[in-house]
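Data block below; observations after.
Letters A, B, C and D name the chains as they come in the text, with residue numbers starting at 1 for each one.
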Amino acid sequence: MEQRLANTWRMSVNDKKFIESSLLSDLRVDGRRPFDYRKLSIKFGREDGSSEVQLGETHVMGFVTGQLVPPYRDRPNEGSLAIYTEFSPMADPSFEAGRPGENAVELGRIIDRGLRESRAIDTESLCILSGKLVWSIRVDLHILDNGGNLVDAANIAALAALLTFRRPECTLSGDDGQEVIVHSAEEREPLPLIVHHLPVAVTFAFFSNDNVVVIDPTHKEEAVMKGRLTATLNTNGDVCAIQKGGGIGVLQSVVLQCLRIASVKAADMTSKIKDAVESYNTVRAFRKVKRHSAPIAVSVDGSVAIKKQSQDGAQKIEL
Amino acid sequence: MRGPQLSLNQTQKLRLEAALEKLESFSSKANSVTVADTIPVNYEDGVLKGHGTSEIDGSVVATVCGVVERVNKLVYVRALRARYKPEIGDIIVGRVNEVAPKRWRLEINFSQDAVLMLSSMNLPDGIQRRRTAVDELNMRCIFEEGDVICAEVRGFQHDGSLHLQARSQKYGKLERGQMLTVPPYLVKRRKQHFHHLDQYGIDLILGCNGFIWVGEHVNTKDPTEEEQASKSEQEQVATKLNRNAASLEEQERTYTPLETRQNICRMANAARVLSTLGFSITVELLIEIVNLSISLKSDIREMLGSEFCVLVAEVEAERRSAKIKKK
Amino acid sequence: MEKKAAALPSKFVDQLVVPGDVVLDLTTLANSTIKLGGGLRQECDTITAMKAGVLRFAKPNKYWVESSQKRYVPCAEDHVLGIVVDTKADNFLVDIKGPAIAFLPVLAFEGGTRRNIPKFEVGTLLYVRVVKANTGMNPELSCMDANGKASGFGILKDGYMFESSTGLSRMLLSSPTCPVLEILGKKLSFEIAVGLNGRVWVNGASPSSVILVANAIMNSETLSGAQQRIMVEKLLQRVQ
Amino acid sequence: MEYVSPEGLRLDGRRPMEMRQIRAEVGAVSKADGSAVFEMGNTKVIAAVYGPREVQNRSQQLNDQALVRCEYTMSNFSTGDRMRRPKGDRRSTEISLVIRQTMEACILTHLMPRSQIDIFVQVLQADGGTRSACINAATLALADAGIPMSDLVTSCSAGYLNSTPLLDLNYVEDSAGGPDVTVGILPKLDKVTLLQMDAKLPIDTFENVMQLATEGCKAIANYIREVLQENTKQLESRRGT
């Protein structure tokens, strides 16, 4: 009991009051205005499909991997996209090791809804052999430091990682066209994913006073806020997902106003992400190194063979 | 909406509906409200907002479903179905949940467990003195987990916990009977909550928290009590230890005759019938129902059947209509 | 922890040391006594550092390692900022960023008796003095100075509290006054309470000045005196 | 696929702005402090509320307010394909969280410090709009338990198929892959507390769809209010004086 008291982070009543009262005069404790984002920096790892996003003090890593698997029975011609989140106790003492907590699940679901349900990634182009073999794309999001507003940071990390991910090219051969050849990176240039649009998450925080709304809340503001709304939009002005999971009620007009602001911010973010990805691609082009290895041909006849194939596929990608 | 959970045949259904409709016609145009309903008030006289109300945009709004009550300037909403809301001096029946240092924690259908301090109850030897460490060690001899006891609400401590007291012979452990729970709004606060029903040889305690005790009559001035009081503490501990191997004499002392047992069950079932029908539970009404079942020569178990329920509803409708006519 | 040693100070004084560095070799020292402070320990004939930081020496014979850290190791007579966590019958439980919750006896107030125990809700910010800090025991706090007077201790109302490092707190408390506070003090009027546990509380007339002071202090941790001046000037200009 | 016929009728014969039949019953679980069954067409959920009661895990006790917990489960037999569902999958964890936060926003938790309120909702039949039905059932159950609330919360969903905004989607319409907007409102204050949406929709269209869902919420609020009013009247008249 006492140990628990000693180890939890807590806020003084002074801070709560101060944050709320200064918001009434449009002031935030870190000197931002209500609709300013914190400083965003996007970095990439040496490997394709990894990103590191820093939004103020929040730090998130994204990692994309692909694997050849049999498709879902109800969607034989589509690949799949799955989002996994990892809240490490390193990032915040309130995160517990082990099973993902409620917040980790909610974060994953918000990003999942934004990316998958709006069909941002073309899953049909991930199909290799109808009903037998498709690419399954897995996005892992690791929270390294929680400085507030994990959703936006994690969403940007996911987008940046997906934009730089490249999967090995596959071709069909053999008499019946059932043989799959996975080409190594040396032989054929790996293919990027087809991304239709970039759904960018923008988070708003609401406070006990009706008229106070801020964007991109910090850790301290999150401790004081009474409700949160995350709107995921793309540059075409489409709403891709919204999540306001309870909390204080807000007027409908406020929601719509938030969406308009979010659409401006989303355009902002999109250009930042695109710039970062472009500079990464230039660097990558310079870095190209030739390697030698022979293509692997596996014939796909039955389910056993498919499994084997999928393992091979996974190994290839990890190379 | 909320029907009594009974399986009725067609005629019974019609009879019950008729009886309930009749009851509804008697009720004064009750000022019932639901959550977030605005309560009309006269602001000129000044308003005191009581339980179950809050203010939204300058008007008084209900926060629970219930009946609006006004006392002078005070406006409050009397919630019907809800957990027990203690008031100082209420007589309650509770069950011991936990024996903690110097206190017992009791389940009393409140939002927290109630606390009965060792110091706020009379010791079995009846002597007024400071509680010693030995008393503390022997707490389980007085009440242990699962015991049903009767006590009085003493008040709220500054830390928000509810404290009870049992400083009288009439409070304490209840034995040789049964406890049943009913919604607390069916039990009204009255002068008398302890009832000794001589004709049946039973005790009835209507706890304000909706816990009802029906048990064999215990005479508080019973010679055995005095005998017990004279016993030294050590002896008591010994009795406790030997309880499983109780002597024949002891068995005889705690023996409840069959007739009393039947009366206990009849009374308990009467309370259950009233609870399923949602009628307020008073001692007069309970006696009336017990007499009705005896006069009908119905079995005790038949009392919970649909036929008896419908009958009770009809009788009650008659009774209330007669009462209104008298006025 | 007294040891015979020479009066000659170690060559590491005012230098950065890391855990494991041999700071002093006792065999080379003649008869003399030295006193060891935090972050140093004796291993046979040597004194080694066990914390990263700057080795400090005070005449005649005191050595200690000064470092900046986020957590706080309680030390008697330190003035700290604590947050009330819970109220018990005899003590308030106060979080002072230490390894264990600190106890503030309910009577440790000026003129405190059983009858006038103050009521603190959870989360109340207090300026307190550490009275006892022994290992294996919860530290004990007091809201009185050694003479039993309140002298500024007690509840801090309103304002804004932020957490930094113990090093920053020491810088703010050093004399002569550090440049940040000096310049800010000339331009703005505000109240400040610095706890040695790395907590700083600021209050001022308007929220904007409080935010400015807080951010200026937080930015100044890694800056030199001249840099601090420039940073504060810039901030002040931006606001005006 | 055609979800709205040229005559303006949906697959189940409803008009685009028409809600399914709703039915509510209070007091479905006798052991619980409050309970309710809520039906929207073929969707049927049951909710039970226990509390405010002693906190089970002392370390979770809050000294200034009540602890609210919520558990959402879907019965194995609630959908067409009867499969064993693992407990605590990501979807139900999220829905539990959302229902809890939504109900927490209207319960006056500061009136019941150091206690715990448990809300259990179970889907008995799933035919689209389970989230909304669960929230409506939970509201009724909380009101039945006599727990003070600042306002009722009601919820309804709306979608957009064949360029038509549709109120209260059923399973077939929901799985068509079009946008699905679930709204939860506080009817008295006219504020939005819950808002969830997926798939793609231009802002202007979204505004219309949200408006439609809000209208649905208000209709449900009126019905729930009637049910509660009737229930209170009956309880009072039976109790007698």
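Convention: a contact is a pair of C-beta atoms (placed from the backbone, for glycine too) under 8 Å apart; a residue touches a chain by one contact, two chains touch by 3 or more.
Note that the structure is predicted; figures quoted are calculated from it, not measured.
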Residual chain clusters - chain D taken out, nothing else repositioned: A, C | B
Chain whose Cα centroid lies nearest the overall Cα centroid: D
Of all other chains, the one whose Cα centre sits farthest from chain A: B
Euclidean distance of C-alpha centroids - chain A vs chain D, Å: 29
Separation of mean Cα positions, chain D and chain C [Å, integer]: 52
Computed distance of Cα centres, chain D from chain B, in Å: 35
Distance between chain centroids, defined by C-alpha means - chain A, chain B (Å): 58
Multi-partner residues of chain D (each touching 2 or more other chains): 189
Chain C: positions in contact with at least two other chains: 86, 121
Overlap residues in chain A, where contacts from two or more other chains coincide: none
In the complex with chain C, residue positions of chain A that touch it: 2, 5-6, 10-19, 21-22, 25, 27-31
Sites on chain D touched by chain A in the complex: 58-59, 90-91, 93-94, 96-105, 181, 184-186, 189-203, 206-207, 210-211, 214
Chain A residues touching chain D - in the complex, by the definition given at the top: 1, 4, 102-103, 105-106, 108-109, 113-114, 117-119, 226-227, 229, 233-234, 236-252, 255-256, 259-260, 263
Complex contacts: residues of chain D adjacent to chain B: 25-27, 30, 33-34, 51-54, 66, 108, 112-115, 143-152, 187-189, 225, 227-241
Parts of chain C lying in touch with chain A, wherever the complex brings them together: 83, 85-86, 93, 95, 99-101, 121, 123-125, 156-162, 201, 207-208, 210-212, 214-215
